[in-house]
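Taking it in order: structure first as structure tokens, then the write-up.
Chain nomenclature is as follows: A, B, C, D and E, assigned in order of appearance, with residue numbering initiated at 1 for each chain independently.
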Amino acid sequence: MVPALILLLVFAALPALLAGFDRGYFYQIANLALIFVLLSASMHLVTGVAGLLHLGHAAFYGVGAYTAALLTSKLGLGFTVTLPLSGLVAALVAFLVALPTMRLVSIYFAVATLAIGQMLYLVMLNWVDFTKGPNGIIVSKGFELFGVSLSGRLAAYYTVAAVVTLSVVAIGRLSHSYYGNALRSIREDDQCADAMGVSTVRLKMEAFTLSAFFAGVAGSLWAHMTGYISPGDFKFSESILILAMVVVGGLGSLPGAVIGALLLILLPEGLRALGDFRNIMVGLVMFLSILLLPKGLLGEVSALRLVRRQLGAAWRNTGPGTGKGEGIGWR
Amino acid sequence: ADTVKLGYQLPLTGDTAQYGQDFRKAAEIALTEFNAAGKPFKVEIVFEDSRSDAKEGTNIARKFVDDKEIVGVLGDFTSGVSMAAAQVYKDAGMPQLSQTASHPDYTKISKYQFRNIATQAQEGPYNAKWMAAKGFKNVAVIAEQTDWGQSVVGGFSDAVKANGGTVAFSEFFNRGLKDYRSLISKIERAKPDAIYTGFFYEDGAQFLKQLQQLGIKTPVYSTSAAYSPKLIELAGGAAEGVHLTSNFLPTDPSPNVQHFVEEWKKRSDGAVPGQFPAQAYDAVRIMLAAVERAQPSPTREKVRDALAQTRDFPGVTGKTTFSADREAEKDLVKVEVKGGAFVPVAE
Amino acid sequence: MTAPLLSIADLHVAMGPQEILHGVRLDVPEGAIVAVLGSNGVGKTTLMRTVSGIYRARQGSITFRGQPIANMPAHRIVQLGLSQAPEGRQIFSNMNVRENLVLGGGEVGLGELDRVLAMFPILSERLRQNAGSLSGGEQQMLCIARALMRRPTLLLLDEPSLGLAPKIVAQIFDLIGRIRAEGVSILLVEQNARAALRIADHAAVLEDGRIVLSGPADQLRDDPRIAEAYLGGHAH
Amino acid sequence: MFDPYYLQQLAIGLSLGMTYALMAIGFTLIFGVLNVVNFAHGEIYTLGAFAGLVLISATAPPIVAVILGALAIGALAGFSLERIAFKPFRRFTDEASLKSRAMRESTLLSSLAVSIVVREALEIVFGSQMRSVPFDYLINTPVRVGPVILVTGDFIIFGVAAAMLIGLQYLLTRTRVGLAIRAVSNNPLGAKYVGIDTDRTIITTFVVGSMMGAAAGILMGLYYGAVFPAMGFTPGIKAFVAMVMGGLSSIPGAVICALILGISESMATTFVSSGWSDMVAYGFLILTLIFFPNGLFGARRERV
Amino acid sequence: MTHLLEIRNVSRRFGGVQAVGDVTAHVDEGELVGLIGPNGAGKTTLFNLISGFTPLSGGSVAFAGRTISGLKPNQVARLGISRTFQNLRVFPNMSVFDNVSVGAVGALPQGAFGALFGGFHKGGRNRSAEISRRSWEALEAVGLTHVAAELAANLPYGQRKYLEIARALAMRPRFLILDEPAAGLNDTETRDLAAFIKRLHGQGLTIMLVEHDMTLVMGICQRILVLASGRKIADGAPDAIRSDAAVLEAYLGVDE
């Protein structure tokens, strides 16, 4: 809970900082960064925790965004309804494609997700009658809650921050629980995990579906935030971008995924002054960060150390002999 | 005001940077001229790189909107990014003039969206008529799978049918496709009299070369988007005989065209500008003219109104008038590739 | 007295911030079997790996035939005639038994193949089988066989009897004796202290990264401390 | 009789498949056989093409010299790539790192970062537009084979790919170097114990694989007549897919799957539409993996 | 009375190798059985056949009266058979506690829902507590509580062996199979391990173990099965086995 509270505080206090500048630009970047925080956190579940390279995440983000956009433009539904539905539809699609493919392991899994992602992208692009194809869709409604508009600068920010915080906390709970441990065991040694009674196929499927759910939620946020989506927003390169966020931050660490997302969204914006050279700089920073900290900025191990140092006493105090040993191990 | 600021969002890096870089060059030519003309005020253009990425495009839009001194925005390149950014400009009341955004709904977003490009609703029927006049009744049409390609096929096919012709074959390909041979064989199987194509020069050059490889002689027609000297450079002899439309001819003897072409050549190792840089050059000048008309104290609203009143603006792409729905009405010319050059066809 | 074949002096090795060996000194005379004993995790394997050039020494020297080899690249050390049958076997599991042995032969080639296969007949039945699909004991034999392929001057064996059936263990120790008789010196790490002390000429006991006891093997065999710690309690 | 139209489409598919195979060979050597995650191969391919182009525009040498030039650049690029993006990550020997997933994937990011830097740098130096290759150098003169039309390049690419394939197969299965490559990929620590210079083996593999990548790049440049910074991307993905579909470590497998991909794309264009052709190719991949979870020619997983 | 584990005419071929051929054997509730045999005799393969890792080529395996051949390893595990591996397989980048908890999770119904909303409803809270309790218990049984927060990769070899056993115990199995638990331990450590296994057995756990250390096997096992070349060549009390001519010939060697 402690990191969740910190997160909450940071997110809540940020506008106070931003308000001083009175710039919509900062809010925009904050919102965008938050959306990618959610995307990278959701990929963290599959790639960081369960150790499965996911090369098609952006497609589920797209499915979510398209769900929101289509529900809005065809049925006139608002954000309150599209947000959960986007997640559910993305999860459903993920579940269906996962059925035949989740038995795959290692790189075969990765290339299957690549193919799935590309196929979904092609559907968005080529099924013109349904998705409007390359024409994209204008999403005429902004954020709202049961009809109350939240599209003001601050309200929009808080909407995004609230959804993202809740989702990240949920992902945190999942990955720092016995459930997360079961997923981690798949990453470490799936055959051995199998022998321990962990049903690897089912868990992989769940993790994949759940991560698609959160990606779908992120998609809905994006659709309502920009007001216009097109297939180009969900290309393969976006999947790679999200993957890079998870890796830069430290594969296996949720704070790492969050920081990686912030870094890779803020850095290119921050480097605008460099003009045409800024993307080279982004590449260099990525390279240096991984070179100096090969386990990522907050790798699994260092993250563990951090937690342990903080909760060192708690660890010892909650041993079985102390009477309050229940429920620890993952806080 | 002494200095007026404009924003220009465009892809300066990434896969489409070649277009953005050209736009910046064209804009700089226009701006230098304008500022050198001894006006009582100076104009400054802020260029921001969007990488043809909607995320970055909207970020830039917010940034421009925040800057109270910016009274008008040019760009973006692709419709997707232009449309996403337009959502921001709509709310902020910022006039936006794109040199290329071709999405049919772009100008419908709000009264602040303008574009300086002939739409396919105009170009399609024009070409259909041209082909019908040549006696091509049974035609094939292919286009890239983008919003623009969609409008190419739509605008053209309807017109063909209206003229009593038939569309024997119609298909989209993904942009950046390298190998068109399968598609070409398939087109040929439908035995069309002519092929109408919606592509940019990169895809066009590949298509034409492979058409030649397969020994196919069916005449090819295309849109102004393919009008670039790079088409001939890349396709070589294979481009020979291609028909297309354009509203810019570097060979046009009129002084403003020649001036632009000269300036362009100076900055591009002697290369001749194509259709898109010309559109960008005109777009910038149209915007500058609007700013001038909105003097002495231009605001976004005033610039918008001034833009809307653009009538018969004498650009290098012909005279431009914004219709009530902020579309540019352009005069098209017919061009054919002959002897390794674009040659106007009089017919 | 001639200089020892392998001489380790004041060796310090660290993994990250943690130092594992704190000044080990050990000699392997020409033609001798030297056994290193010690409980789990005291650094025996670390010592062996450092000698083979897998780990870097932080401080200290290792000399092999008078040539300093500390921090020399692993492959050069092997080429000098020092092979190891390492802990964890480190065989090539996706390659077949024959390919494993060929790799073991290195530039020296396949001259030893027949002789080595004669020592481990079960391997000759499995030449085309993937090494990874061998049983645990078979893999262990392959690992030792691979180290022998180069006809080393000094052979390092890290727990060679691990996972082998009693009969084969006896054979292995027998074999170690025979290899020595051919003039190969051997540095042996072994949990089966009884058997190790029986065939070794010298022995050393490693504890917490330091040699705490060393001397001729028969003396150590009678040392009560050894009996208590490594031989299951009752003195020999 | 069989409609020559389908024969033509089949031939086109094969020729397309050959172009994927050309890229897949070097890619599979590094990624599949040596087993290091390398996302920068596409940039090597692009560098090869640009090297050839620069050479052509500078001195207009004979075509063989152009290819040799590209090979040299490929070798240099492969060497530097390994030094910059891969070697630094072999400095860790502690066990937690060796077995850490994050460590294993770190070269994914380092190679990705290098590829970003290289591509952006190419864009700044050469611009991102397509550059044309002088027409004398193109290898696209039509050749009629019975009812089917191909171009000279198809035969050249076939020849080069076959030579690379046979050469590599020979190298990997018959020579000591090949054995060493497989050993390093299978168990780098074990390789040290048998006296293999792992660093040198890895560099050699990178150099050889990158030379093949660069050769593929320039050949494709001459084949399609266009060279541009992003040209490595699509073939890179196709090569990746072909490699995995073929079973990761099997180069002939990757080549066969590249051909399958090419044919399925042209057949999809024939029977469905061009826009959906990739869909069919990816669908095919998924189907293959459902029935062959380790690729068509992949080894089974190790025993437990 | 039915046996806890019944192996009937089980066989397994790998290409030309008959790893296990027509083996029939059983283990009763509460027994401590040793499985020995030369290297490559098929002991590990037999364990793999029981635990579902390797499909049978012939025969059948039943556990507690129920046929388990054809089940997936995790299904077998949830029926109460848990195992360790010959070549130590801990999860290196997870803490000791987390390693063990995987075993506990494996034995219980798994689902994201419980973990997600665990804090808010009773079932989830109980699950979490239960897993935690079982894990601690298992750690305590092997005496590793003091390193619970350590990364498994940082443990010395001997502790890793115990960790693997603890992980298997956290599943609260009915039947525990151990593949060479004493490999790599010295005599003193082996003696401790033997005492530990005996203690587990004393608590009512049925155990079957493969081992090459005869002191351990002969010292603690009630009954010993001997495999050679994939076939069962003997089955009996330690004393009988020790003097069995076939076993001496195939396995023990003449002097030991």
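Rule of thumb we're sticking to: a contact is a pair of C-beta atoms (placed from the backbone, for glycine too) under 8 Å apart; a residue touches a chain by one contact, two chains touch by 3 or more.
Heads up on the chains, UniProt names are A, D = Branched-chain amino acid ABC transporter permease; C, E = ABC transporter ATP-binding protein.
If you're wondering where the values come from, they're calculated on a predicted model, not measured in any experiment.
So if I look at the partners of chain B and the partners of chain C, which chains show up in both lists?
Looking at chain C and chain B together, the chains touching each of them are D.
Going chain by chain, each one touching the next, work out the least steps from chain C to chain E.
Contact-graph shortest path, chain C to chain E, evaluates to 1.
More C-beta contacts across A-D or across D-E?
Contact tally favours A-D.
Which chain's C-alpha centroid is most distant from that of chain D?
Centroid comparison gives E as the farthest chain from chain D.
What is the distance in Å between the mean C-alpha positions of chain C and chain D?
From the centre of chain C to the centre of chain D is 42 Å.
In whole angstrom, how far does the Cα centroid of chain A sit from the Cα centroid of chain B?
The answer is 37 Å.
With centres defined as the mean C-alpha position, give me the chain A-chain E separation in Å.
40
Mind pulling the chain C residues that touch 2 or more other chains?
In chain C, 133 touch at least two other chains.
For chain A, what residues touch not just one other chain but two or more?
125-126, 188, 191-192, 195, 252, 276, 279, 300-301
What positions in chain D touch 2 or more of the other chains?
Only 95-96, 100-101, 120, 275, 278, 303-304 qualify.
Of all possible chain pairs, which ones touch?
All touching pairs, sorted by chain label, are A-B, A-D, A-E, B-D, C-D, C-E, D-E.
Note which residues of chain E are touching chain D in the complex, please.
These residues of chain E touch chain D: 48, 53-54, 85, 92-93, 151, 153-154.
Show me the residue ranges of chain A that touch chain B in the complex, using the header's touch definition.
That would be residues 23-25, 27-29, 32, 125-126, 128, 133-136, 138, 226-230, 232-233, 268-269, 272, 275-276, 278-279 of chain A.
Which positions of chain D touch chain C when the two form their complex?
Per the stated touch rule, the residues are 93-95, 179-180, 182-183, 186-187, 189-199, 299, 302-303.
Report the residues of chain D in contact with chain A in the complex, numbered from low to high.
85, 88-89, 92, 96-97, 100-103, 105-106, 108-110, 112-117, 120-121, 124, 237, 240-241, 244-245, 248, 275-276, 278-279, 282-283, 285-286, 289-290, 293-295, 301, 304
Give every residue of chain E touching chain A within the complex, in rising order.
Going through chain E, the ones touching chain A are 51, 53, 72-75, 77-78, 82-83, 85, 89, 91-95, 97-99, 101-107, 110-112, 114-116, 118-119, 125, 127-129, 131-133, 135-137, 140, 145, 148-149, 151, 167-168, 171.
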